[in-house]
Structures are given as C-alpha cells and as structure tokens.
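Take a look at the structures below.
Across the two complexes that follow, subunit A remains constant while its partner is subunit B and subsequently subunit C.
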Partner chain A sequence: MFVIKRLLFVLLVVWSASTITFFIPRISDINPIRERFAELARLGGFSAGELEKIVESYSKAFGLDKPLMQQYFDYIGGVMTLDFGVSLNKFPKTVLMLIAESLPWTIGLILVTTILSFVIGNLVGALAAWPLSPKWVRGVSTSFILFQGVPPVLLAILLIFFVAFKLNILPIAGAYSIGTVPDFTFEFLLDVARHQILPGIALIFGSLGTWVLSMRGMGITIQGEDYVIFAEHKGLSSYTIFKDYYLRNALLPQVTALALALGNVITSAIVVETIFGLPGLGFVLITAIRSNDFLVIYGIVLFITIAVAVLMALVELLYPLLDPRVRQGQE
Partner chain B sequence: MEHLLDITGLTVSYYTDIGRAIALNQVDLRLKQGEKLGLVGESGSGKSTMGLAMMRMIKPPGKVEGGSVVIGGVDMLQLSDKEMLKRRLSTISYIPQGAMNSLNPVLKIKRQMIDAYRAHYPDHKLDQIMDLAHEAMRSVELPEHVLEMHPHELSGGMKQRVCIAIGILLRPQIIIADEPTSALDVVTQRQVIETLNRVQQKIGSALILIGHDMGLMAQSMDKVAVMYAGEIVEINDVQTVFTSPKHPYTQALISSLPRLQNRGEFRGIPGMAPSLYRLPSGCRFHPRCNQQQPQCQTTSPRKSVFEDEKYVTCHLYEAT
Partner chain C sequence: MINYFKRNISLTIGLGLLIFLILFTLHGLLTVEFKQAYPLAVRPKQPPSLKYLFGTDFFGRDLYTAMVVGVWQTAIIGLLAGAAGTIIGIVLGFISAYFSGLVDVVIKFICQILTPIPAFLIQVVIASSIDKRDVTIITMAVVVFLLSWMAPTLVIRSQVLSMRERQFVAVAKLSGMNSLEIIFKEIFPNLLPFIAAAFVAQVFQAVFASFYLAVIGLGPLREPLLGNTIWAAQSQSAFFNGWWWWPVGPSVAMILILGSLALINMGLDEMANPRIRNKE
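Our next item is the complex of A and B:
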C-alpha cells in the first residue's frame, strides 16, 4: 500500500514537472525556431521571407502548428514513453539519445561521490561527537566542518589550478586522454579513472562538510539519550554501543537529509562536469543552453526532475527498513 | 554476617564554571544480602549520583574523589575499566529513571537482551540466551511475544518491565532502581514495584530503590536512608522512620506528609535546600533546623551508630 502510494506520488511529480516544462516556453512570445534561424540569417544566407517559410515548415515538422491542447497531450504521451523530442541543433538525434550518451558519465560520478561522501561524512561526524574518540580524532574530524563553506565549484577550480596545472599530477580536463580510443581495455579504464579523480574529490569534499556538521549535531543529541546510557549500564562494549545504539539512531534523520540533498547533488555534479569538460549530462545541458537548443534543455531538466523524484522515492522506501517506527501502519 | 555492599566515605564532586559542587560528601552505607533499602531525599540531594557512583558511571564534569564501593569483597572503584564493564549488570545492575526512552527504538527487545547477555558471555549459545530471556520475561509477567516487538509497540508500564527484565537477566547481587515508577500512573506504579519486589526475592539480591515517594517506600522497603545536600542524615527501619524519626530533617519530612487526620493543612519545611556550591558551615541542615544547637553552626555532626548499620548524623544524638 505504502509502495503504491509512493509510486503514485512519483507519477504526480513527473506529471506536474512535465506540465510546467511544457507551458513555460509557450508562455513567452519567443519562438525557438525563429530565434534559431534568425540567428543563422544574421550570419547571412537567406532573406526574411524565406525565414518565415522555413519557420513554418519546421513548426509543422515539430508539431508546433497544432492547437495547444493537442500539443500538450502529444507531449505528455511522449514523456510517458521517454520521448522528449528531437534536438534542434543536432537534428536527427533525439533528446533521449543525447541523454543516453551522456548519462553513464554522470551516473558513475554522482553515484560514487554521493555514496562516498555520505559514508565518510557521517562516520567522521559521528566520531567527532563520540565522547570516547581520542582527542586528535575529535579534533581532526571536527575540522572537516570547514569544508561546509567550500562549494564544489570553487574546489574544482582550485584542484585544477594546483593539482593539475601546477603540480601536473592529474589530467586537467576531459573524460579520457586525447588520442585514446574508447575501449574496454584495462589501460583505457585506468585512464578514465585518473580523469575522474579530481571531479570526484571536488564533489565529495564539496558535500562532506554538511554531512559532518549535521551528523555531529545529531550525535551529540543521541549520546545523551536514555537508551545509550542504559546500554552503558548493561555493560556493553563501546564498539557495540557506537554501532548499534548510537550510529544506527543518529543516521535516521541523515537518510532523510540524503533524499533532500539529491537535487543539490545533481546540480553540483552538472556544474563540476562542465568545469572539467566531462561529456556528461551537465556538459550536454550547457552546450544546449549556449546554442538555444530548447527541446534539449527542457528534456534534460525534465529528466533530472524525474530522476530526483524516483531516487527520493527509493530512499523513502528504504527508510522503513531502518526505522521500525515508520513501518507501523504500512504493513 | 559479612556485608554484601560496603560503601565508605564516598565523595563525588562536579566541577563547573561556577566552582565545585559537592554532590556526595563522605557517604557510608552497608547492605546485607537480600536487604531492601529506600533512598529518599529532595531533588539534588545526591540520590542518583550515589547510584551512578556505585555503577562507576559518573562522567565529567563529575568526579569520584574518594571512598570505596566494596561489593562481595571487591572495591568497584579500584577495578580497571574493562573489569568494571563485566561487573555492570552481572554484579550490580541499574534500572534507569527514564524507562520510556531507555530502550533502543530501532532494535527488537530480543536483540537488546541478547546484546546485554553477549557482552558478558560472548560464547554462550543463542538457545541458551533465549531460554534465559524467556525466563526473565516470565518473571516480570510479560508475554513472551514481547521479545519480538519493538519498543514503540509497548506501553510505558511494559517498557519499565522490560527494563527490569534486562536488569535482572544476569541475576545481579545488587539492583539499583532509580525512580523506576516516576513516569507511570499510580496503578501501574504499584504493579511495577510489586514486580520488582518479587524478582528481587526470587534472585535474592539486595535492592536499592531511589525515589521520593514515601508511600511507596513504606509499603515495600526494609530500611530507608534519608539524604540531604549530599549526605545521608539518617538510615533506619521503615517502621522507625515513619513512627519515631530521629534526625530533625527526617522529622520535618515525615510531618510534611499529608495524613488523613490533619486534613486540609500541609506543613512544609521552611527554607530551601542549600546550593551545593555554597554549603552552610557546620551541619548542612542547621539554617532550616528547628532544634538548632550552638555547635551546629560551627562543627559538622558525627555519625551516631545504632545496631544493624543504622545511624543518624546529628548533634542531638552525639554521645557526650
């Protein structure tokens, strides 16, 4: 029942997001096709009369001459089958093809950095608050909070300048070295991994501070809870208390925070990708924005919305497994 | 008879920004096996600190500054941290004040019992542990399926019983129950106290019940120790404490209890309990005492010991 409710909610989110992305460009007077060809016309080539003809024929091709409601239903139908239309700029390619090409890069980066940052950040935060941690552990882990003030973007630029440019240890940008052929050989994968280190570090450390800070706060609250004190009265080892009585409970709100942070994670990944010139979703999006490729922009925005909604639903479905109190009334 | 518990000169202070608060000052207490003692006193008189000091659970800024807590010939305060870990729950167990929140919300009751057991006997088989868990549940009169439940599915009284069941799991020699009934209604209170009494009798341990409910003490304890500002001012039989209390504070405390005869008229004790940072000179109770002597302001009274480890700390009873 709970699962069905959640999935219906995801559908609702997707529907509202697609409706909004449908209407916003149509509210404005700007006709993306005219804009595109007007730009070409300015560069020289054809006259104004020809321009109108071209716009008309393109509008027909994209179905923009149909009544608004008809367009809307076509669009929603398209979204349901993951058909976001075609790229204006790279014409025969569909938006879905562009997403499919770039997605693996983004997913790989986001998945690894989010998991690492969540695990490391929460562990460090828990240690920072745990009264039995050695003094130096508490000192070092608390200082991780400083990263909270450093956005991944800034970190990315600093890393490029110092590590890649000054020290020249790691590649400055790109997904793999120029001249190599994408292939599933060990050398190529190693090359890809080397290119992912700096963007990975930028993303991990960019979100680490928040986890450390919030976990430390949570930990300070939890260690004063009666059940932690009773666990000490029971004579449990400090390892058991740390793991099952302290960390386990302090993590619960952090999982909720993870669901809320997903949107942020994806946005910063997009920016960092662009800075490092990785051919991921962010790169495609920036290219589309620069070339006024409206359908690609809206397609990617919509796709990200769907992805965040689905991921949030997944985290929420995971939550009852962690907290039995949430399970009640859902079984 | 050899005493099971022998506390001598136990002193605990808390160091805070405004100075040193002496929470326990030179406290002596002896208990025999199977004896039941009620520890009463106002808030801040050192009841809970005493329980925690016996468990060696005083945490900074608190500090045990002297004395000994000898149980069965071993001084708890001299043990290594690791040895003390083994003694908790198996030699001396503590049933906490806030039973409502004393159980881990994400673990089943069963798991919390197994944890407690495994901490002391890591190589015992699971069946063996479960047998003991079932037995503990029976002795607190809870159905066995409670073991499979999570804390949020239990009522307050049930949670308190679970805490008692965990507290007696390893048959400790001494049980300290710190206001185990404070969050419960009177009917449940009585049931919980009866349960506590029954399991105490069954496993033959000594029981220290911390609280300020004099009625509860009168019903089920053998002895009562009255604390005031970090000291035990009087230890006596329940009977004596209620009918002919010795220490002026105990007298004032007993006469302030509402009775059927003097309906509508309550008599409190004038004044306030002193701050632990600025204790009065001499006897700590003298500013509020109605039987004040000249020496009370200057010298601390000594213990006047009666038979059976009962005593009163007051100048009125000092043998001159």
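Our next item is the complex of A and C:
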C-alpha cells in the first residue's frame, strides 16, 4: 500500500513537471524552431521566405501543427517513456542519446562527492556537538558551518584561482588533458582523476556545511536525553556512545534531509560542471542554452526531475531498513 | 541589546558584513560613472591597478563599476523576489492553517507536489522561454519568485497551526474577538520572528537562484549582474588567458553577500527557536 502511494506521488510529480515544461514555452511567444533557424540564417544566410518554409516543414516534423491537446498528450506520453524528442542542433541524435552520453560523467561526480560530503559532514557535525571532543576539535568542526553559505560554484572559481592558476598543481578545466585520446589505459584514467579533484573538492565542501549544522544540532539535543546519561552511568566506552547513540540516532533524519537535498545536489553539480567544462549533463545543458536547442533543455530538466522524484521515493522505501521504529509502525 | 549581540555571534557578524556591503554599494553608486559598467567604456584587459581598482574585462568594462552595479542589481532581485515570496507565503499559510478543511488540503498538496521538483530547473525552462533580448532585472526577479513561495507557505502554515492551539488564542476567542482580530492582534505579532527568518531565507534563495541562472547564461546578458560577469569570463576562458581578476572579483562579492545572509538567517533561527541554542 505504502509502495503504491509513493509510486503515485512520483507519477504526480513527473506529470506536473512535464505539464509546466509543456505549457510555459507555449505561453511565451518564442518559437524554438524559428529561433534556431533565424540564428543559422544570421550566420550564413538564407532568405526570409526560405526561413518560413523551413520553419513550417520542421513544425510539421515535430508535430507542432497538431491541436494543442493532442500535442500535450503526445508529450506526456513521451516523457513517461523517457522519449524527449530530437535535438535541433545535433539533429539525428535524440535528447535521450545526448543525456546517455554525458550521464556517466555526472553520475560519477555526484555519487563520489555526495557520499563523501555526507559522511565527512556528519562526522564533523557529531564531533562539534560531542562534549568529550577536545576544545580545538570542537572549534574547528563548528567553523565548518561557515561553508553553508558558500555555493560550490564560487568555491570552484576560488579553487581554480588558487590551486590551478596560482600554484599550477592541478588543471584549470576540462575532463582530460588536451591532446590525449580517451582510452582505458592507466595513464588516461589517472589524467581523468586529476581533472576531477577540483570539481570534487568544490562540491564536497560546498555541501558540507549543511550536514555539519544539522548533525551538530541533533547532537546537542541528544546530549540531555536520559538514555545517553544512562549509557554513561552504565560505563559504556565513549566510542560506543559516540557511534551507537550519537550517529545511529541521527541517521534517519539525516538520510531524509539527504533525500530532500538531492535536487540541490544535482543542480550544484551541473553548474560546477559548466565552470570546469566537464562533459557531463551541465555541459550539454549550457550548450543547448547557447544554441537555443529547446527540446534538449526541456529533456534534461525533465530527466533530472524524474531521477530526483524516483530517488526520493527509493530513499523513503529504505526507511524501515534504517530505523526499527519505522518498521514497527508499518506492520 | 549589546549583550544579545555578543551572545548571538552569527547575527552580529552577518549584520556587520551586510552593513559593509551596503556602505560599499552606496559609496560606489554615488561616485562611479554608470557608463563604465558597460562594454567599450575603458581600456580592455587591464589587471587591477590604482586607476582600475578591480581591473577591466575583455569587453572594456571597468570591473569596479560593474561590481557596484552588480551588487545593487543583485540586491534588487533578492529584495523583490524575497518580499513577494514571503508575502504570498504569509497569505497562503494563514489561509491554509486558519480556515483548514478543503482549502488547506489543496494548498498543502500543491506545495508538496512542487517541492520535490528542483526549482532551479523549472527556472531554467522559464528563463530560456523568454526572449533573450527581453530579460531584465525585473523578469529575473519574477522568474525566481514564481517557484519560491512554497517553503514560506509551509513554514507559516505549520506555525499558525501550532499557535492556533495555544491558550492565548483560546482566551482571545472566549473574550469575543472575531477571527480577523485574532489573526492580526494575537497570532501575527507572535509570528514576526518566523516571518523575519522566512524573509531572509527567501532573499538568500532568490540571490542564489538568480546567480545560478546568470552563471549558466540565462541572465540579462547586457547587465553587469555578478553571475553574468562570471559567465562572460568563463565564455572567454579568462583563466586560460590569465585574466584571473575577471571572475574572482564577482565571486568574492557573491560569497560575502550569501555569507552575510546565511549568518543572519542562522542568527534569526536562534532568536525564533531558543531551543537550538548551544548549551555551553
């Protein structure tokens, strides 16, 4: 029952997102096809009459001459089957193909940085609240909260400036050195890893502050609880109390927060990718924006929305595994 | 008063930073020539010097002037979108919580459906649907506001719900106040700290969102908005060409703006819920 409810919710979210992306461009008077070909016309000329003809035939090919409701149902049907249409700019390629090509880069970056920042942030936050940690540890870890106000993008630019530009230790941008051929050799993978360090650090530190702040808050609340005092009097080692009482209790709310933050995590990763010129989803998005490739923009937006909604639902299905109290509530 | 500021360090530092930024911008607005924030006004590609405090960019803009105008425009977007979002949030939150029933269910449901959709992406859709020549500071504020009223609505709603059950409201009802009187005389004043916190959070979100939009090239391209300057620098590969001052200046300004707002927000949170205060 719970699963069906969550699934319905995911469908509703995806439906409303695709309805918004369907109607907003149609409210505005911009015609994506005309916009794209007018740009081509400016660059290397065909006459206005020809432009109209091209726009007309393309509109037909994309089904834009059908009645609005028909278009809408086709569109929703397409979104539900992950068919987002064709790229105007790289014509024979579909939007899904473009996404599939760039997705591995983005997933790799997001997976590694999110896990690291979640783990480090929660540990640091717990240390900041823990009464037994030395004063300097508490001071240092509390100061990590300051990262909360700094978006990863700005961190990225400062990192490029200090580490790549001034010290010249790491590359400024790109996914691999110019002139290397993508290949599965050890040198190439090392090269790729070197290029991922700065974006990785920017994303990890950019989202660290949130985890430190909320974990510290929870740690402070737990301190006064009777069961912690009882555990201390029982003579449990401080390591056990830290691990099983502080971290364990904060796990469920923190995982919930992680699910809620997914949208922000992905957005930040995408914008950071554009700063570093990494060939992930962000790069495809910014190229599409530059070249007025509207179906690609909408496709990426919907794809990420679907991913976020599905991931959030999956995380919620994990709750019973994480917390015995939820398990009992459902039975 | 002074003692309170001593205790609430994040609020003090945040307000201090904000006052510094306001003074910087006001002083700048009174002294600079606005023309210099636009292309072809000064010698291009000059590193920071006494004449050009923050250097000049590839297009011949004085980056100090650009920063003054950019911070000012960022403030306009933040305040407009923040105020609009907070007001809508207060109105919807009150309606939803006070009258409950079907209205409450509908408003809450819409908020819950829209919340998991990454707002930034919908903003990308809206911003890219506007003709690039039509994008102005005001349209940026509208785009940002359209998807940012859900959070304050839910916050205000839950606060009104909890307040409605408190004793002073019951006393007010028994003493014959009507619901409008209760809302404005009893509940509203008690909500002020929450409204202030929600407003600062909204301004933060608006500044953040408009900055991200501008960084990926969806801002008003003619204006020297901070995000636009970074976008322009990235498009011209500023770091590869050695023009480091071009993207670094606006980044530092943005860190100061967002940092001060985040600190103020943390301070206000502490003011509104004394329970999270660190017991030391």
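As a convention for this text, the second predicted complex is superposed on the first by the 325 of 331 C-alpha atoms of A that agree within 3 Å, B and C clash if a C-alpha of one lies under 4 Å from a C-alpha of the other, contacts with A are read in each partner's own complex, and residues count from 1 in each chain.
Following the convention adopted for this analysis, a contact is a pair of C-beta atoms (placed from the backbone, for glycine too) under 8 Å apart; a residue touches a chain by one contact, two chains touch by 3 or more.
This is a predicted model, so every value here is computed, not measured.
For the composite obtained by overlaying on subunit A, subunit B and subunit C can both be accommodated side by side without a clash. In the overlay built on the shared chain, the residue A:291 is in contact with neither subunit B nor subunit C. If you count the residues of subunit A touched by subunit B and by subunit C, you find the higher number for C.
Of the two partner chains placed by superposition, A:59 touches none, neither subunit B nor subunit C. In the superposition on chain A, A:233 makes contact with subunit B only, not with subunit C. The angle formed at subunit A by the C-alpha centres of subunit B and subunit C is 80 degrees to the nearest 10. In the superposition on chain A, A:325 makes contact with subunit B only, while subunit C stays out of contact range. Following the chain A superposition, subunit B and subunit C show a smallest Cα-Cα distance of 10 angstrom. Touching of subunit A by both subunit B and subunit C, each in its own complex, is seen for no residue at all. Contacts from subunit B toward subunit A in the complex involve residues 55, 57, 59, 85-90, 93-94, 96-98, 100-107, 115-116, 119-120, 150, 152-153, 163, 166. Partner subunit C is touched in their complex by these residues of subunit A: 9, 12-13, 16-17, 20-21, 24-25, 27-30, 145-146, 148-151, 153-154, 157-158, 160-161, 164-166, 172-173, 213, 217, 220, 223-224, 263-264, 266-267, 271, 274-275, 282, 285-286, 289-290, 294, 297-298, 300-301, 304-305, 308-309, 312.
Residue ranges on subunit A touching subunit B, taken from their complex, read 131, 225-227, 229-237, 240, 244-245, 248-249, 252, 322-325, 328. Residues 113-114, 116-122, 124-126, 128-131, 204, 208, 211-212, 215-218, 230, 234, 237, 239-240, 244, 247-248, 251-252, 254-255, 258-263, 266, 276, 278-279 of subunit C are the ones that touch subunit A when the two sit in their complex.
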